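Have a look at the structure below before the remarks.
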Amino acid sequence: MSHDSIYHVDTQRLEAFSDGAFAIAITLLILEVGVPHVSAESDLAQALWQEWPSFLGFGLSFIVIGVMWMNHHSLFKDIERQDHWLLVINLLLLLCISFVPFPTAVLGDHMRAGEEHRRVAMLLYGGTFTVIAILFNALWLYASRGRRLIDDHVSAARVRSRTLRFLPGPVLYGVGLPLAFVTPWLSLGLYVLLAVVYLLPLNE
Amino acid sequence: MSHDSIYHVDTQRLEAFSDGAFAIAITLLILEVGVPHVSAESDLAQALWQEWPSFLGFGLSFIVIGVMWMNHHSLFKDIERQDHWLLVINLLLLLCISFVPFPTAVLGDHMRAGEEHRRVAMLLYGGTFTVIAILFNALWLYASRGRRLIDDHVSAARVRSRTLRFLPGPVLYGVGLPLAFVTPWLSLGLYVLLAVVYLLPLNE
Amino acid sequence: MSHDSIYHVDTQRLEAFSDGAFAIAITLLILEVGVPHVSAESDLAQALWQEWPSFLGFGLSFIVIGVMWMNHHSLFKDIERQDHWLLVINLLLLLCISFVPFPTAVLGDHMRAGEEHRRVAMLLYGGTFTVIAILFNALWLYASRGRRLIDDHVSAARVRSRTLRFLPGPVLYGVGLPLAFVTPWLSLGLYVLLAVVYLLPLNE
Amino acid sequence: MSHDSIYHVDTQRLEAFSDGAFAIAITLLILEVGVPHVSAESDLAQALWQEWPSFLGFGLSFIVIGVMWMNHHSLFKDIERQDHWLLVINLLLLLCISFVPFPTAVLGDHMRAGEEHRRVAMLLYGGTFTVIAILFNALWLYASRGRRLIDDHVSAARVRSRTLRFLPGPVLYGVGLPLAFVTPWLSLGLYVLLAVVYLLPLNE
């Protein structure tokens, strides 16, 4: 087996492990949505309806992680080799992805509490995704700087366009943090908007 | 590496990610079945027996998701390429698959409550599977329309027969919703029947 | 792509999905072990120690599922093709594997309760593994009968020896059930013994 | 298909199963971090802040398991064949990896309790990782002894250097145990230090 093909197999296992972590984090989200326990007289439909922040949080986090996964997937089409630092940055990225069910649960539980609770929950939520977006850029910039780990078939123009496409992420997610001090609803609106925009096929 | 083989590898990773989400959603179902805590004098066997709606829900959802997985698997034998919209539809499908443990838990907890609670739980349960069946059709129709993403070795007859086989899904699951207004037990019977029918080797 | 290679890829995806379900079921086991919440004066070490049935159940179920996985893995070295019924039997097998965390939790919670609770918990636990062993035999007998799905490179002697090796499983696990009516400790001893025996390299 | 390639495929499935267990164990860690439930008047930010031992435990265990995964991954680049004992040792290793969420949760819940609780929690935590490090060495020593399962392309020098690199693990983790009798904070400091050191690209 040539040196080259060993490295190629390597990236496949890194991708498989990452896919696993993405798939599990995304699927665990539902466990944080509590089943309402209502008495015989009370209204189950209404109890379910009042959990809307948990459903919204579930859907929103699912789509954001899903889009992250698509990007990760797309990015590793261009990365052919790996080294220790790539593994480390990727591990920190997966750490933050795995963390997402927690801020999602905090958001779901406190979105209907007072404005102050809502703000704290939203800062935790938005902060998590901001850090994820920063790590995503770090991963790509590390791999692409001087074509360190880039496949030969990838053109310089493609590397540049990918860099430009990832850079706005931390800013866009980061903007949601000061917005939460105006009102957390504004941050929430921004994150929903970002999820929808990222789902549209603009970034392929 | 040719353009074609890159796309082929791509579909493999999409399938691997989907397999992961299917496998995790299906396996998480058991976590929603609560362990009965009985006092020394009470009867553990009876306490377990009274949880039958949770066991039934577990088994039913497991088989439905399992059959969905088989279909997904079979469907991607014919789909050779992917594009952004296919990823998006597939992500929404996985979102709904990941959601299944929640309505399953609600059903398990409320099937032995009053008729009204039972109806709400059944509507949530049946509604979830109806949406999943719709997304399944969307996925296939998008991929097969004008043979957009279909492998060359797949005959037109096979595409047509697959289309005809998927179309009844949303109707059959959807019929369970008005039935719940007669009585939720009728919907439950329908869904059990559908699970058994789909397990039989009629759709291969 | 030849018909043969399509089928070969197929079995890989079936195996990948099964591996996923095995890996998840085995890893979820720990979630059923409750973290002890002790007051400042009480003894954490002792509280942990009193949870020994949960730790034993965790270890025992882990090893049994792990051995099942090894066998599944070994078995699919000889199975080269799949058909609808193989998928169905495999799905039912995975359903029972996914169910294991539940009887394991019931056992862990009730092993230190009265003899009657212990017996019920043990019957549920042993019954689950008996059914799993039966489904394992069903899977192999279906695939190997008339060499229905067996790879050409597999000798008849190997098929026969594998059949003989799997057949005792349901009997050995099944024997634990009547033993529980003598005392559940005897069943537990049998299952621990079986786990150790299966770990020894006798069945390769 | 030659004998050799069958064995090669085998190791791939062992690796895939292990990757699954690593990825799931690492991702389940977050489920043990409880969402704080605070009243309207109390401070959510402060309640989150007081959970710092849970966050630290999550991050620390994530990095340790992640580094273990990297090593496992790196190690199987050199192991080309498998036999029953390798599967058994690997299964015991995965058992301990899957156990990690439990001591992590115990640590998170008791680090802010009294010194005695803290010590017990730290001994459980450090003990788990010590056993994992021992099993890691067992796996490698078993595979490499007399080049039992080693790929031909691997040089003797590489085998020796890998052996030397793994050997300190059990000692370093084991040292944390007596340190806990001085004060558990010292053990915690050691484990944080080890996690950082292992993240640095010294061991590639």
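The chains carry the letters A, B, C and D, assigned in the order they are written, with residues numbered from 1 in each.
Keep this in mind: a residue touches a chain if its C-beta (ideal position, glycine included) is under 8 Å from a C-beta of that chain, and two chains touch if they have at least 3 such contacts.
On a predicted model such as this, the values are computed, not experimentally measured, just so you know.
A.B. asks: Determine the shortest chain-contact distance, in steps, between subunit A and subunit C.
C.D. replies: Counted as steps through touching chains, the separation is 2.
A.B. asks: Can we say the copies subunit C and subunit D touch using the same residue numbers, with more than half in common, or are the two sides different?
C.D. replies: On the two sides of the subunit D and subunit C interface, the residue numbers are mostly different, under half being shared.
A.B. asks: Would you kindly say which chain has the C-alpha centre located farthest from the C-alpha centre of subunit D?
C.D. replies: The chain lying farthest from subunit D is B.
A.B. asks: From the C-alpha centre of subunit A to that of subunit D, how far is it in Å?
C.D. replies: 25
A.B. asks: Among all residues of subunit D, which ones touch two or more of the remaining chains?
C.D. replies: In subunit D, the residues touching two or more other chains are 16, 20, 24, 28, 31.
A.B. asks: Quick check: in the complex, which residue numbers of subunit B touch subunit A?
C.D. replies: 1, 6, 10, 13-14, 16-17, 20-21, 24-25, 28, 31-32, 83-85, 87-88, 91, 94-95, 98-99, 101-102, 105-106, 109-110, 113-114, 116-117, 120-121, 124
A.B. asks: Could you pull out which subunit B residues touch subunit C in their complex?
C.D. replies: Touching subunit C: residues 15-16, 19-20, 22-24, 26-31, 33, 35-38, 40, 44-45, 48, 58-59, 62-63, 66-67, 69-70, 73, 77, 153, 199, 201, 204 of subunit B.
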